[in-house]
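Every chain is named by a letter (A, B, C and D) in the order it is written, and numbering of its residues begins at 1.
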Amino acid sequence: MQPKAKRRIVLVAEFSIHPIGMGTSVGRYVKAAVRAMSRIPELTVDVTPMSSVLEAESIGTILEAVEVSHRILRSMGAKRISSSLRIDERLDKRRKMSDKTRGLKRLARAGP
Amino acid sequence: MQPKAKRRIVLVAEFSIHPIGMGTSVGRYVKAAVRAMSRIPELTVDVTPMSSVLEAESIGTILEAVEVSHRILRSMGAKRISSSLRIDERLDKRRKMSDKTRGLKRLARAGP
Amino acid sequence: MQPKAKRRIVLVAEFSIHPIGMGTSVGRYVKAAVRAMSRIPELTVDVTPMSSVLEAESIGTILEAVEVSHRILRSMGAKRISSSLRIDERLDKRRKMSDKTRGLKRLARAGP
Amino acid sequence: MQPKAKRRIVLVAEFSIHPIGMGTSVGRYVKAAVRAMSRIPELTVDVTPMSSVLEAESIGTILEAVEVSHRILRSMGAKRISSSLRIDERLDKRRKMSDKTRGLKRLARAGP
């Protein structure tokens, strides 16, 4: 099996999901969604304080993550679900997720 | 065939897409995406100055709109594509797209 | 006073806000936010099923809308607030909000 | 001076900005925005492959980050600027940015 780091990353996306009306602590719903997405083959998932960063070679894989996340929240009894997805599809050059943050991390840490 | 207005709307979404690096005027790409989405059966599309508002009974239909939009921009030569999707899935009561703006329109127009 | 339609629109934005954990019906919070934003001078507000479309000449005016919306939800007792803002700032040509949808509305209505 | 980690984090946000029409490689614009945001006192900035994660005690600090980012892109000659901001304001309990990812990282890494 090809290691994840070597795959050609065409799509990087940012996805966030939460139920509305199930209290202010939505952590267990977010956890369930991350766990469900992590089971999707060909998808790389990383979490940030605001969303999951998704990497894939095909847009279908990214959209499957959205679908399974909504499904898992429905199965947990959520009556209303809000989600947000931003996709960056890049066809002009090969890249890896790490390419996008290299250098930037250093800038951010330098601080005021 | 059942008229669109009578369908049970479970999902309302907001979708926006544009190419990066094809000049500042991206109208023809947006038009092509709206045209492609409008051909999807079971999907209602309405446009605002910032995005397309999508209505459907199933999340698969919403995600198909994202997929065909990326596909059409790729076919037009876009080398990098940015898109944004926000989904509001509501299972606790029936509604129509118009339900969500009734009353609000009046408030906004009242102005300062 | 200059009529709103004649102002030079540099920024068009899409803004959405809701409390988390106050039940699934968040309409009264959304209404309060729209009412508060509508009182901001130099800001044009229009509502869609998913968000408020904001128009202004200066980014400060757009950001003031975000600030007053969070403030009103806090004053209504919201313990957790989620909001989403997308800005399109365009300096290369004059435009009005209506410019962005002309033509697109027709396409969307043509349907499948 | 109080160390950043000890501050009470009320707001966590996710912010992304890019010019439209300046080519597909927008890295230098993103870098300039991150550098400008990192100079804002009372703001913590961390970068992900898709956006900057911002932490602050006041919403004004978050919105200042948006304002300086648009300003820096304008000063670099961008004729059209697209940005996206998602805010999570939480008043019911103290937290730190790291609280939101603890546990989730492990889940994501467990993989399929």
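Methods note: a contact is a pair of C-beta atoms (placed from the backbone, for glycine too) under 8 Å apart; a residue touches a chain by one contact, two chains touch by 3 or more.
All figures in this text were calculated on a predicted structure; none of them were measured in a lab.
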item: Pair joined by the larger number of C-beta contacts - A-D, C-D; value: A-D
item: Same-residue or different-residue interface between chain B and chain C, half as cut-off; value: same
item: Between chain C and chain A, distance of the C-alpha-averaged centres to the nearest whole Å; value: 27
item: Gap in Å, rounded to a whole number, between the CA centres of chain D and chain A; value: 17
item: Gap in Å, rounded to a whole number, between the CA centres of chain D and chain C; value: 21
item: Multi-chain contact sites of chain A, meaning residues that touch two or more partners; value: 24, 79-80, 82, 84, 86, 88, 90, 92
item: Interface residues, chain A side, partner chain C - complex; value: 18, 20-26, 79-80, 82, 84
item: Chain A residues touching chain B - in the complex, by the definition given at the top; value: 59-60, 63, 66-67, 70, 74, 78-92
item: Interfacial residue positions of chain D with respect to chain A in the complex; value: 12-14, 16, 24, 30-31, 34-35, 37-41, 43, 45-53, 55, 84, 86, 88, 90, 92, 97-98, 100-101, 103-105, 107-108, 110-112
